[in-house]
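Please see the structure below; I have some questions.
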Amino acid sequence: MSNSPPEPPPLLAFGAHPDDIEFGCGGVIARETRAGRRTHFVICSRGEAGSHGTPARRVREARKAAAVLGATVEFIKLDGDGRLEIQAAHAVKLAGVLRRVRPGIILAPSLVENQHPDHWRLGKLVRDAARLARYGGLKELRGKKPHAIGQLFYYAVTPEAEPRDLTPVWIDVSAPEIVAAWTAAMAAHATQTSARNYIELQLTRARLLGMRAGISHAIALFPGDPLVLDSLAQVGRGARRF
Amino acid sequence: MSNSPPEPPPLLAFGAHPDDIEFGCGGVIARETRAGRRTHFVICSRGEAGSHGTPARRVREARKAAAVLGATVEFIKLDGDGRLEIQAAHAVKLAGVLRRVRPGIILAPSLVENQHPDHWRLGKLVRDAARLARYGGLKELRGKKPHAIGQLFYYAVTPEAEPRDLTPVWIDVSAPEIVAAWTAAMAAHATQTSARNYIELQLTRARLLGMRAGISHAIALFPGDPLVLDSLAQVGRGARRF
Amino acid sequence: MSNSPPEPPPLLAFGAHPDDIEFGCGGVIARETRAGRRTHFVICSRGEAGSHGTPARRVREARKAAAVLGATVEFIKLDGDGRLEIQAAHAVKLAGVLRRVRPGIILAPSLVENQHPDHWRLGKLVRDAARLARYGGLKELRGKKPHAIGQLFYYAVTPEAEPRDLTPVWIDVSAPEIVAAWTAAMAAHATQTSARNYIELQLTRARLLGMRAGISHAIALFPGDPLVLDSLAQVGRGARRF
Amino acid sequence: MSNSPPEPPPLLAFGAHPDDIEFGCGGVIARETRAGRRTHFVICSRGEAGSHGTPARRVREARKAAAVLGATVEFIKLDGDGRLEIQAAHAVKLAGVLRRVRPGIILAPSLVENQHPDHWRLGKLVRDAARLARYGGLKELRGKKPHAIGQLFYYAVTPEAEPRDLTPVWIDVSAPEIVAAWTAAMAAHATQTSARNYIELQLTRARLLGMRAGISHAIALFPGDPLVLDSLAQVGRGARRF
Amino acid sequence: MSNSPPEPPPLLAFGAHPDDIEFGCGGVIARETRAGRRTHFVICSRGEAGSHGTPARRVREARKAAAVLGATVEFIKLDGDGRLEIQAAHAVKLAGVLRRVRPGIILAPSLVENQHPDHWRLGKLVRDAARLARYGGLKELRGKKPHAIGQLFYYAVTPEAEPRDLTPVWIDVSAPEIVAAWTAAMAAHATQTSARNYIELQLTRARLLGMRAGISHAIALFPGDPLVLDSLAQVGRGARRF
Amino acid sequence: MSNSPPEPPPLLAFGAHPDDIEFGCGGVIARETRAGRRTHFVICSRGEAGSHGTPARRVREARKAAAVLGATVEFIKLDGDGRLEIQAAHAVKLAGVLRRVRPGIILAPSLVENQHPDHWRLGKLVRDAARLARYGGLKELRGKKPHAIGQLFYYAVTPEAEPRDLTPVWIDVSAPEIVAAWTAAMAAHATQTSARNYIELQLTRARLLGMRAGISHAIALFPGDPLVLDSLAQVGRGARRF
């Protein structure tokens, strides 16, 4: 037991609303937690501008969904649902979270602007925060040791949010228990799924990628910076079956 | 020994001229062969249109360079140096090579057209060949079992050839013995390196990426299709240090 | 009856293989023929390089599928399946077809090169043919009156073939009888659909667009040139529901 | 008369300055109002930072120009000319306007950033407002029924503002009375046209597109989301004459 | 007189048809010849596929236009009007021209494919020829000393041919005598200008750029490679007046 | 002496931190000042969020570096290091600087967002300021005569910041005294260069461009708007040697 491999650094996922992580990349979360990686969610509003569900209920739904996926969750306050702004103070605050959680990989909503205005703004704040977390001199962060993440991946909450200028990686989420956990996590957001077919939308997206890759389901993530690899052995599968 | 892991499928690299593979991605080759992967080179001209070196001498240089890198090498005839054309028969011929070698990963010159006219044409032929190798009915290929590669990566022989619309992966080639083998393989092309500073060019490119990634040297490869990954554990390092 | 509206000019669709039109945009065809537009298919190989089905059988399947969709069909010979090349003589030949059929709208495979090598080559030949059809002096076309099409739209046989640099139009194919006719036309290609899940792939693509637009199913087409409109009344619906 | 067709939902155009709509797409406005569509302008400053004309005079010019085009007009206060900022409160305010006017189509300045800084910022605010107008829970908007627009088109006040990544639609504004109304509306902004050749600039742009399409004059609009069409009959004309 | 400055290397312009250079960039030619630079045209067909004018007449028109502009002209045979193909032998032939004329700057049609099929093919052949002209070993070119050009600029015969991914340089052609010479050179192609408003098209394009730059007329050229400058003093004017 | 040429308008460079100008384009500065152009630096923070060096020390380093390069320098206060925001008041403030200094060419950090968050924000503010400086009516700027710059060039502090959608110009900084001055200016920022290999990074970048252009060292600048040229004689060298 003394020579068990060191635990990998945790995965940290950011969502603008209580359901963004689950809908946008819940299958990836299920895949990683089942592989033993600690995962934490940071949710930046309580969904108070949505058409359905009270903030209190939405928080409960998010906690339930995180539990289904095996993640811990916290809520932080920025500007509120539907009114997130790009402010330096927000990026500093998120950098503080990064220094506390000290993740290896972080997930954030994509930067494509033609989507819910909170999504891409949060993505930009997280991207900036990942830099600020490395700089030594920000006075609000004094006492928190600087931290450099390993990689930032963007997820797309909806298809329009998929970046056209970044080559994605596709994560295989085909295992039935992964699909089931993901589906259950989405279903936990009952206030949202009763009104619109979000679950079908996401499973259809994942199925389409899966068919293209010759597997069952896949989710696309978009790397914020080039991947640095030790060897091609890591990336020998490509998506091209038709 | 009965349960030793299966040998991975070989790596197959295509070059339009005797020195393209070494200059464009020789460090990656060195990295892979040293990790135990069988590697084979297919060179599609004898460099007969170059300003320096006879075809016979250039073939000898290529054989020497491949040996330095631990790869096997063969020469095939298409249209000759400086006159490669996009012809269906060429793609079929290359597909035949793919069915014979049955690689997991293939490397080919990038498709950016503003470079030596043979480079991108070969890249396009290889890309098409990777599809034809999968189709059952091509009559020239009867008797050769169809083969589906795992992934196609493009390399850039020169900086102008780096695609702007594909997010690269960077392969860490920092180990001193890798840099040494790569340098020796480039130096084996003595007819070319006496006239121009190709070795310095390539080492400078690799050093620049290395500094950006916080390592010594790296080489960028450009995936032809999205990478399909089992887990984020495979790709947890990103390139951002400044 | 003398003042019935003039019949619109026909729709002309080009396919590289016997099933490309049906899989790529069969729902659009069904929509247009049911609205009374004459539609004609020009198929440029007999699928002789495919893994499944003899040429004779594939021609029969194509005829059946065209009949299901209400289109007429002809086969023309270019270079054969898997070996189509960009040759001026091909473009002139296709221009001759355009002068004979005199369509208003033409459909051709998209120009994205990372797909079956025949697809994009045919798309480029059709694009060039649409210009040559307008020029008066090509000697092979003497005696055939020049013809200017109204618009060229590209279709994507597979998702990888969707252009990223053209804003699509989405055609609503939600009516159950349209989906049924399209499905039947795809199923007519029994040699292809027994081996791979092409029908599911296409219906999944169409369903995903449909959900995004708040309808049942849609198919994306990519205009070759800007659309010229008399009024905004023509284009008052956009795709954004999430 | 009871079965007269329902009036189409109104057109709503946003301008950052008193003359932006007229210069950027006045011909389209003339075309739509003459076809019977109600049109309303929302102008977000009084041009107080311009080199020529007092705010009061510029408001008078804008009212006169709107009258020439057959549109109604209102002025709203955001941050003032030359100092517009992206603020969530502004988007909410514009969403309130959308809920009140309940347009089918909206027009806003393009998002290309290399132009007057107020132009693209207003475009982004309008884009975000179109989403917020659909969401039920924003407390400032309580009591105003949510509204979903049909489509958002961007106009380019100057040529550098034309997006390169969106395929435009070109609106035919060739009718002499349309060109005349447009010209008169531009001329109504006498404080601006005395100093610079704005009218010639715009008519030259429209004439250039017109020649390309084989008509007299055209104006390009850029769809914010893919157009959803019932049939190809709607879009059978393309722009390619040379 | 012994210390008069050395004559600059000549300008070499390639056209696919007898009128392409004049329509696409005739004003630039006029500007350069009037500044004392020797200029030579290479025309690669006799316009035999056009709707108007016999080949003999079109050659006469081209000779007259070149004379008006102060350029010499030659005709070379490739595949003929409307049927140009990308062939290695063509690039080698054009490389031979480059070695003979030994230009500093070359002009060729842009590479955008959505235009006359001969235009972009010639552009690609010229681009490749500029590389082959530098390589020592091509046997057809033995005896012709290798030559490296200074820069390749692309011109756009029509607006659709303007590249969207290259930042242009705009050449000021505002001097009345330049506009007059350009117009006369275009008018020399009487068989073409009687049928279509090509002259108006080109002058409108140039006027539109001129207004944007605060001058009378300008023509955009697109550099094939980054410009290498000795100092910013060379490029201190930018195009932004609105 | 009465007919000495008029002094060119000054060069004005903006930096977000005390060392950005030197690291990003110090060689260009050295080239211009040695050619006799007055150059002024405006630095918008004191580097107070960096990991190394006190603000006071960093200001001293910046003054020393500017002196080495032959430039004058001033510091202005915006939001502070690591917290710069896009605010209209900042753009107005920078526009005031432009009216005071009245430069011909300005240099600002590139707009690519995947870099230090202060860099691109400053670039955007400078771009906007260049417009506001031309407008007559901004009340904070009353009494300062409007000023139109000649051209805005962006520099990239790090390689990730190089725009992919703008064609650069490369400035030849090969002269040994230029490289020496640039190196000395970078070395003046001793607090930064002791911790990281910034100097090697920048010289490697410049050497790589130099090799590509067949010279010693070059620095890429990215024009904010098309260059307007009097003649091709200004731009007859291109970068293509391999």
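Going in written order, the chains are labelled A, B, C, D, E and F, and every chain counts its residues from 1.
Keep in mind that, in the parts below, a residue touches a chain if its C-beta (ideal position, glycine included) is under 8 Å from a C-beta of that chain, and two chains touch if they have at least 3 such contacts.
These figures come from a predicted structure and were not determined experimentally.
Participant: Which chains make contact with chain B and with chain C at once?
Facilitator: A, E
Participant: Counting C-beta pairs in contact, which comes out ahead: E-F or B-F?
Facilitator: E-F
Participant: Of all the other chains, whose mean CA position lies farthest from chain A?
Facilitator: Result for the farthest chain: E.
Participant: What's the call on chain A versus chain D, same or different interface residues, using the half cut on shared numbers?
Facilitator: different
Participant: Taking each chain's centre as the mean of its C-alpha atoms, which one ends up farthest from the centre of chain B?
Facilitator: Following the centroid criterion, the farthest chain would be D.
Participant: Can you give the whole-Å distance between the Cα centres of chain C and chain F?
Facilitator: Here chain C and chain F have centroids separated by 52 Å.
Participant: Find the geometric centre of each of chain A and chain C from their Cα atoms only, then give the gap between the two centres in Å, rounded to an integer.
Facilitator: 39
Participant: Please work out the Cα centroid separation of chain A and chain F, and write it as a whole number of Å.
Facilitator: 37
Participant: Can you list the residues of chain D that touch 2 or more other chains?
Facilitator: 86, 114, 160, 224-225, 240, in rising order.
Participant: Among all the chains shown, which pairs meet the touch rule set out at the top?
Facilitator: Contact pairs between chains: A-B, A-C, A-D, A-F, B-C, B-E, B-F, C-D, C-E, D-E, D-F, E-F.
Participant: Please name which positions on chain F make contact with chain E in the complex.
Facilitator: Touch list, chain F to chain E: 8, 11, 28, 31-32, 35, 37, 104-105, 148-153, 165-172, 213, 215, 218, 220-221, 223-240.
Participant: Chain D touches which residues of chain A in the complex?
Facilitator: Residues 47-52, 79, 81-86, 113-114, 116-117, 160 of chain A touch chain D in their complex.
Participant: Of all residues in chain D, which touch chain A in the complex?
Facilitator: On the chain D side, the touching residues are 86-89, 91-92, 111, 124, 127-128, 131-132, 135-139, 146, 224-225.
Participant: Can you list the chain F residues touching chain B in their complex?
Facilitator: Chain F reaches chain B through residues 114, 157-160, 164, 196-198, 200-201, 204-205, 207-208, 211-212, 240, 242.
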